[in-house]
Amino acid sequence: MEYELENFIIDKMQPEFPEAVFTIKKSRRVEVKMSSDQLYNFAVRMQKKWNFLHLSAISCVDWLQDNEFELVYHFWNYDEKVLVMAKIRIPREEESHFETISNLWQPAKFFERDIHEMFGVYFDGSEDMERFILTDWNGPPPMRKDFITREYALNFFHYREYDPEWLKDMMGAGEGNE
Amino acid sequence: MNTVLWIIFLPIIIFIIGTFMLGYSRKFIARIERRYGPPIQQVFYDIFKLMNKKTNISHGWMHDIAILMLLGGTLLTLYFIPVPGFHFFAQYGDMLVIMYILLIPALGMALGVGETANPNGSIGISRALMMLAGYDIPFFLTFIGMAMLNQTTSMYELINIQQAGGFFGWGLITNPLLGVAALIALQGMLGEKPFEVMVAPHEIATGPMTEMGGKYLGIMMIQHAIAVVVELTIYINLFLGGALNWFEYIIKLFVLFTVLLSVNAVFGRFRTDDAVRFMWKIPLPMAVIGVLFIIF
Amino acid sequence: MVNPILLIIIPLGTAFLISTVAGSLKNSTKYLAFLALLANVWISISLLPQVLKHPVNVIIAGIKPPLGINLLVGPMGAIFSIIISVAGILVLLYSFKYIEGEGQSKYYTLFLLLITGSQGMILTGDIFNLFVFFEILAISSYILVGYAGDRNGFEAAVKYLILGSVGSVFILVAVALIYQETGTLNMADLAGKFASVASGKKMMIMLFFITGMGVEAAIFPLNSWLPDAHSSAPSSISAVLSGFVIEVALIVIIKFVYSIFAMTEILQYLSLVGVITLLVGEFAAFNQGNIKRVLAYSSIGQIGLILFAMTLNSEAGLSAGMMQVVNHTASKSILFLVAGYMIKMTGSYQFTDYKGIAKKMPVSSFLFVLGVLSLIGVPPFLGFFSKLNIIIAALAVGNTFNTVMVFLILLGTIIESVYFLKILQIFYIGDPIKGGVKEAPFTAVFPIAIFAVVILLGFLVLPEINIYAGSAAAELFTKIQITQVF
Amino acid sequence: MEEKLTQRSVWEKISNKLSKRSLWMLHYCTGCGAIELPPTMTARFDMERFGISPMVTPRQADILLITGYLSVKTLKRVVLTYEQMQAPKYVVGFGSCTINGGMYWNSYSTMKCLDQYIPVETYIAGCMPRPEAIIASFNDLIAKIDRGEANSWKDYYKNYDFYKANQDRTFEGPIETYNDIKADAAMFNIK
Amino acid sequence: MSIVSGLLLIALAGVILNVLFYKSKIVQKYVSLLLFAVLAYLSFNMYKQVGSHFSIPFLIAGQSIGFTITWLNYYFALMITGITLLTAIFSLKYMEGKEGIVHYYTVLFMKTFGMLGVILSSDLITFFVFWEIMSWSTFSLMSTGGKEAPKSALKYFIFAVTASMILMVGVVLSYSLFGSFDFAVIHSKIDSLSLPMTGFLLSIFIVSFSIESAVFPMHSWLPEGYSNTFTTFTAYLTGISTRIGIYGIILFLFGIFGIQTVDKLVILGKINFRYIFGVFAALTMIIPTFTALYQHDAKKLIAWHSVGQGGYMLIGLASANALGISGGILHIINYLTYQVLIVFAIASVEYRTGTTNLNKLGGLIKKMPVSYLALLFGIIGLAGLPPMNGFVSKWFIYKALIMSGYPFLAIAAVIGTIGTILSVYKLIHNMFLGQLPERYNDIKEVSFSMQLPMWILMIVVFGLGVYPGLAMGLIAKIQTSLGLAVVPYSLHGIASGSGQLNMLVITALFMGGLAVAWIIYLLGSRRKHVNQYNNYAGGHFLNKDVAYNFNYEFYAAIEHVIDPYRKKIIERTERGIIGLVDAVSEYVRRIYTGMINTYAIYILTAFVITIIFLKELI
C-alpha cells in the first residue's frame, strides 16, 4: 500500500494539530495548511520532535485577489526523506508583518530577508532586515503582482529608437507584437 | 673618446637587446602553448604605447622619484658590469658593489609602490622582498665562493681567469655545484614563473604594478628589459666565462635565457613561503657544499 | 691624658641617675643622656691620637693585672669606641622625637646601659670583665627589642633572650676552661700562656668561645634571632643593633682568634662561613616584603662580608674590613632610621605600599638612596673604596679559593643591588600615596644627614682612614705589643 | 563625426600606427560573454598575434570589455572603472544586452543601452558573439585607431553633463569617484 | 688646564646647574644647550693635545685618577659630544611639558660625564669608576618615561651590574698580576703572563664589554630597555651608549693586549680567539635582525637593529686584516649617524601622532615629508645601499672577510643585511606609506628645532657616503696608534688594490642614471595627481571609513618559514635563572622559621660542624 510512510507521518502529526489539513501531494511530499499563529509551535515540533532538521526554503506567494500573502515553509527530514510544506496565509498590506523562525534555523534569516526585499513582508525579531540585492532601489517591492515591470522599465530606462526597414515590413505582416 | 661614446650608446644597445629578448620570450612561451604568438617587436609597441598615454596617474612626489630611482639604479648597475669591449667603470667597483646596486631599483620600486597607497602593491612588495631574502643568500654565497677561489672580488679579473682556462675554465665547469645553485637563484632573481608570486595577476592584481599606468609602467618595462640583460650578464661573467666579442655574448644571453624560459613556461607558481623554503632547501645547501669544496 | 675608664663610667653613672630622678623631670631625661654621650664622644676622640703611639694601659683599683682588671686600649679599640659613641649620640638625637610616651626614661637608661656594655667589651683587657660587659649589653638589648610593646615585639625579644643566654653560657664555659687551664684571666698574659695548653683543651675553649660570641655576632647558623629582633624592635634600636652591636661581637672574635688563639688555619674556615653568611643574607632578602626584614637580612649579608674581609689573614684585609664596618654602620643606620619614619607615617611595614613616597618625603628618600648606593659600593661613596680594598686584599693572595669567594661575593652584591633598586623604583615611580604622609621632623633628619655626610665625603678623608685602619690592623696582627705592655 | 576632417599631424599618424599594435584589454567579466574570451586568447584564435593581451587593473588597460547585461549595481562599478582607466581608452560592448537591453529588455534592474552612461567605441552584435566576431571587431577597432577616429574617450569629457545626468538619474544621486572630469577636460583642452 | 678637565668640569657643572635650578625652564633648555655646544667645541679641537696626560692628585688604593687623550678616544669623544648636542637640540621641543624633564637633563649630563670619563681614562680604576657612574645614570633615566619602563630598566640593571662586577674582578686581578692599574704599564708587562692566564684575563674583559654592547647571548636586555623610555633617550642610547662597550673591546683587544698576544691564544689547535669572537658576532648579526621582523612597535624594531648592527662592528674587529678592522671602526660612526637619524624620525612621528605602533600608522608622507626624507636616508644607510655611508663600512667588512677566507662569516653578514632590508622597509612602509587614516588628517610637520638635527644628520650620512675619506683619515691615525697596518685610503674610498672602491664615481653615475631616467620621464605627457581614495579596489568605492591598508603581519610568509627554528632559547634560559634565584631565596627565607626549637638545633649543628672542622685542623 503506497504512501504508508507519508500516512505514518501524518498520523504522527495529526493529533497534535487537529485543525491543520494534511494532504499527500505525491510520494514523499506532504502539504499542511494551517492558521498562521500555529506555525511557530509546528516549526518547533518539526525540528525538535520529528527530526525535520533541514529548512530548505521559505517562499512567498502573492494572492492579489484574496489580498493575502501565502508563506510556504519547506521542511525536509534526512532519515525518512520526506518533504513537508507548511502553508499559511497572512493579510497583504503595504508592510505586512509576521514572526521570524531564524532562532530555530540559521538560513531562515536569509530567506526572510529576501522575502522582505521582494515582497515587503517584515519578519519581526529577525536580526537584520536590510536590503542586499537591490541596494539602491526605492521603488515598490518588485515581485508583488501589482508591480508591472514592463511599464516601470519603459519610463525609467531610455531605449534606442530602432526601426529598420526589415522590421517595419515584418511588423506590417503582424508578427512583431507591440 | 670612445668611453664617452660607450657611455651614451651602451644603455641603448642593452635596451634594444633586452626588449628583443622579452619579445622573444613571449614568442617562445606562445609557441610552447601551440599559439602563433606576438611579433618579436611587440614589447617595443607596448613600451611606445605606454609612453604615449595621455593621463599618467601619480600618487605623490615619491611615486615619481621612485620611478627615477628604479631606472637610474639599473643604468648604474649597467655601467659596472664588464661588457665585451667596455669595462672602464669595472675598476671603480667590484662584484660586492654590483650586488648592492641591484637592490637600489628594488628599494626604489618598493617606495614608489608604497606611496600609491594600494594594499595589492604593498602585498606584492612584501612578497618581492621575501623572495629577495630567498634567492639572494644562495646567489651571494656562490659569488663569495668564486671570489675566494680566485682571491679577487672584481668581476673583470674573474672573466680573465675563466677566459684563460678556455671552455674548461668556465665557473660552471670548475665548480658545478655553485654554478647550478646560482642558476636556480637566478631564476628567482629574474622573477620567472616558479618564483613569480610577487606579480601574481589574479591574486594581487599584478602586485607592485597595480597603480602603475602610462609612462610609469613604460619606464618599469624599460627597466625590466635592462635588468634582465644585466642579471644574465652577471651569471655569464661569473660562471659562463664572460664574453670577448658581442656575437658570443648575445649567443650566450639567448641560450641562457631560453633555459630559464623553458623552466618558466612549464611551471606553476610557488606560494611565497614555499618559494623561500625551496630556495633555502635546494640551492643554499648546494652553495654551502660548493664553498666547503673550495675551502678544503 | 684623659683616663679611658671614663668612657664606661659616665654612661653607667648617668643611666642610674636617670632611673632615680625619672619621677621628677619626666621627659627631660633625654637631655641628660645626650650630655653623657657628648662627653663620651669627646673623650674617645681625644684618646685617638695618643693611642697611635702606644696602647694605653689602665689599671683599675691598683691591683696588678694578673689579678686586677685592666683596660687595654689599642688603635682598634679607640676607633671602635669613636664609632660606638658617635653612632650612639646620633641615634639618641633621632629618638628624641621618635620615642614618646611616659616610658621614655626607661628607654634612655637601657640605651645608656647598651652603650656602656659595648664600650666595655671593646676596651677591657680581662676576659671575665669582657663576659660581664657582654651580659650588660645582651640584657639591655633584649629589653630594648621588646620595648615597642606589641605582640611580635615580645616574641622577638623572648627568642633573642633565649638564644643570647645560650650564647653567654657557652662564653662562660670557655672563660672557665681558660682560667682552669692557664690560671690567668688577663688577655695580654693569656696570649703568651695559651700556646702551652693541651691541644684537646685548646680546641674545646676555642669552640665554646667562637660559638658563644658567634650567636651575638650573627654568623650564619647562629643568627636566626636577628631577622625577628631587628624587624620588630623600634627602628632606632635596630639601627643601633645592626649598627655596632653585632660588629663589636665580631671584633672580639677576631681579636681572640688573631692575638690569643693564634690559630691561622681556622681563618680559612671562618672566611668560608663569612661568605655563606653573605649569600644567605642576600638570598633571604631577595623577595622579602617587609622593609625592616629586608634591612635585617642585608645586615647579615654585610656582617658576612666583614667577617670574610677580616679573616683574610692579611693586614690589608683587616684594614679593609675596618673601613667596611664604618661604612656599614653609617649606611645601615641611615636605612633603618629613614625606614622608621616611613613606617611611622604610612603605618605599614610593606615597602610595596610606599609607592611614590619620594614626592611626599623627598629629603629622607634621597638620604635613603645615598645609603643604598654606599652600601652596594657605587664609586663616589665610601662603600666602593672599602669593597675595592676587600677584593684587592682577597685577590692579592691569588689562590683559586679566594677568586671563587670573590665571585660569590660579587654575586651577593648583584642580588643586593637588585632588591634595593626594586625598593628605590617603588619610591620614585608611580603616583604619590594618599594619606597624611609628610616629611620627617628636623631632629630625625639631622642625624641621618650627618651619617650621609660620613659616607658621602668619606673619600676626601681617605688617607687618614687608611692610616688609622692600618694601625688597628697592625696592632691585631703583631701580637708582641700585648705581651710587651705587661 | 566632425573630427574625421581635422588633419592629423605626422607624429599622431606614427603614434597611431604604432600604438594600434599594442592594446591591453581589462578583463571585466560582467555577464555571460566572458566565457568567449578564453578561446579567443588561447591556441585556436590567439588574439595576442595582434598585440592584444589581458590586463588586470584599469590603470594599465586600454580596452574595457563590457561582456553582457549590466545591472544598475554593476553599472556603477563599470563607470568607476571607466573613469580610473588611462586616457586613450576604448569601450567594446559585447552582445545585444549592451546595445538595447537584449534578453532583459523589460527587466526593472538592468540598464538598456550602454552609451547612455559611457561612450562606447564598438559594439559586437550577437548573443553572445563567437571568437571570430570578437577578433573581427578588434581588427575594426585597430583599423579605426590607425585612421585616428577612435576618439570616443573625448566624448566623455566633451558632453560629460549628458552622461552625468543619465548616471545620476539611474543611480538616484551622484557617485563619488574622486575624479574631477572637468579639470581633466581642461588638461586635455577639450571644450 | 687641559681640555680633559674642561670637558669633565662642564659636564659636572651641567648636572649641578640642572639640579639647583630645577624650577626654571631657561636653565633646562638653553643653558644646557649652551653647555653641550661648548662640550662639542672643546672635544672638537681636542686633537691638538693628543698624547697629553692629565691626572687628578687623588689616590684610590695607591693609584691616582689619570686621563690621556689618544686618537681613539678623540674619535669617540667627537661622537659622544656631537650626538648629545643634537639630542639636546631635538629634545628642546620634544621634552616640552613632559613630566620628569629635570631628571632627563640631569641624567643626560651625568651620562656624558660618565662616558667622557670612561673613554678618556688612562687607568683601570678611573675606567671602572666612570663606568659605574655611566651605567647608574642610564638605569635611573631608563626606569622613567614609559609604562613598563621600570621592569625593563631592572632587567637592564641586572646585566649592567653583572658586567661591572666582572669588570671589577678583571681590574683587581690585573692589579694583583701587574702591580699597577695603568694601561701603559699593563701593556708593557702583558707578555710576561702565562698563556692560560692571559686567556682568562682577556675573556673577563671581553665578556664584561660584550654584555654592555649587547653581543648575542647577552643582548636580551636591550630591546625592551631601550624602547620603553623617552624616544630621544632611545636615540642617545642606541646611538652611542652601547658603543662604549665596543670602545672597551678595541682598547683592550688592540690597545692593551695587542694583536700578537691575541693571535697567540689558540684553543684546540685550530680555532683561534678571533674565530670564536667572529662566530658570536655573526650570531649577533643574524638573530636580532630576523627578530626585528616580528616587531609591531617602531622603537622595538630599531632597538633590535642596534643589537644587529653591533654585530657588524664586532665582526669587523674580529676579521684578520686591516681593512676589516678599519671597516669595523668606521661602522661605528656610520651606524651612529643613520641610527640616530632614524630614531629622531620615529620620535617626530610619535610627537605628532602619539603612537609608534606600526599597525596603526600609515600614509604620513603626505603630512610629514621632512621626517619621511630623514627616515629614508636613515634606512638606506642602515640597509647599507650605495649612496649612503652604511655601504662603505659594510663593503670593507665584506671584502676583508672574503679575502681572509671566512666565507661563512661573510654569508652571515649577508643574511644580516637582508634581514635589515626586509624589516627596515616594513618600518618606512607602515609609518609613512600606504593610506593616511582619517585621524591623522590634520597633522603638521615637526617644528624647525626638531628638523635641524635631522637635516644635519642627513648631510653627514650622505657626505660620509660620498667622501668616506673624511673619516678614514682619523681611522688611519687610530690604527697607527694601536699598532695596526693602515689601509691605503683616498678621499672617496679605497684607492689601490684589486677591488677598488670609488664612492664618488658610484654616486656620480647614479645621479647620471637619474638624469637619464628624468629625461625619459619627461617624454610622456604631464602627470595627474590623484587622491588616495582614487585607487583600484576591484570596482569597490573607497572612502575614509574603508580600511584599505596592508600593515598587519607584513612578513607573514617568511615568519612561517622561520617560526619552527625560533626556539626562544634566550628567553627560556632567562626565565630559568630567575626561577632558580626565586626558588633559592624562597628556600633560604624558610630557614628562619620563627620557632625557637629550630634555632636551638641550628646552634647545635654549628657546634658539631666546628668540632669536625677543628678536629682535623689541630
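In order of appearance the chains are A, B, C, D and E, and numbering begins at 1 in each one.
Please note the rule applied: contacts are C-beta pairs under 8 Å (C-beta built on N, C-alpha and C of every residue); 3 or more make two chains touch, one makes a residue touch a chain.
In this text, all values refer to a predicted model and were calculated from it rather than measured experimentally.
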{"item": "Target chain B, source chain A, minimum contact steps", "value": "2"}
{"item": "Chains contacting each of chain B and chain C, listed by label", "value": "E"}
{"item": "Each chain counted as touching chain C and chain D at once", "value": "E"}
{"item": "Chain of greatest Cα-centre distance to chain D", "value": "C"}
{"item": "Contact-richer chain pair (by C-beta pairs counted) among C-E and B-D", "value": "C-E"}
{"item": "Longest centre-to-centre distance from chain E, chain (CA-based)", "value": "A"}
{"item": "Middle chain, criterion being Cα centroid separation", "value": "E"}
{"item": "Inter-chain centre distance, chain A versus chain C - centres from mean C-alpha coordinates, in Å", "value": "98"}
{"item": "Approximate Å spacing (C-alpha centroids) for the pair chain D, chain E", "value": "59"}
{"item": "Averaged-CA centre spacing for the pair chain D and chain A, given as whole angstrom", "value": "41"}
{"item": "Geometric centre distance via CA averages, chain E-chain B, whole Å", "value": "36"}
{"item": "Junction residues of chain D, two or more chains touched", "value": "57, 59, 184, 187"}
{"item": "Touching two or more other chains - residues of chain C", "value": "none"}
{"item": "Chain pairs in mutual contact under the definition given at the outset", "value": "A-D, B-D, B-E, C-E, D-E"}
{"item": "Complex contacts: residues of chain C adjacent to chain E", "value": "158-159, 162-163, 166, 199, 202-203, 206-207, 210-211, 214-215, 219-222, 224-225, 227-228, 263, 265-266, 269, 280, 283-288, 373, 378-380, 384-385, 388-389, 391-392, 395-396, 398, 403, 406-407, 410-411, 413-415, 417-418, 421-422, 425, 428-429, 459, 462-463"}
{"item": "Chain E to chain C touching residues, read off their complex", "value": "58-61, 128-129, 132-133, 136, 139, 143-144, 149-150, 153-154, 157-158, 161-162, 165-166, 168-169, 172-173, 175-176, 581-582, 584-586, 588-589, 591-592, 594, 596, 598-600, 602-603, 605-607, 609-611, 613-615, 617-618"}
{"item": "Interfacial residue positions of chain B with respect to chain E in the complex", "value": "11, 51-62, 64, 67-76, 79-80, 89, 91-94, 96-97, 100-101, 103-104, 107, 110-111, 114-120, 122-123, 125-127, 129-130, 132-133, 136-137, 140-141, 144-145, 147-148, 151-154, 157, 205, 210-211, 214-215, 218-219, 222, 271-273, 276-277, 280, 291, 294-295"}
{"item": "In the complex, chain A residues that touch chain D", "value": "134-139, 142, 147, 149-150, 152-154, 156-160, 162"}
{"item": "Chain E contact footprint on chain D (complex, rising order)", "value": "57-59, 76-78, 80-81, 84, 175-179, 184, 187"}
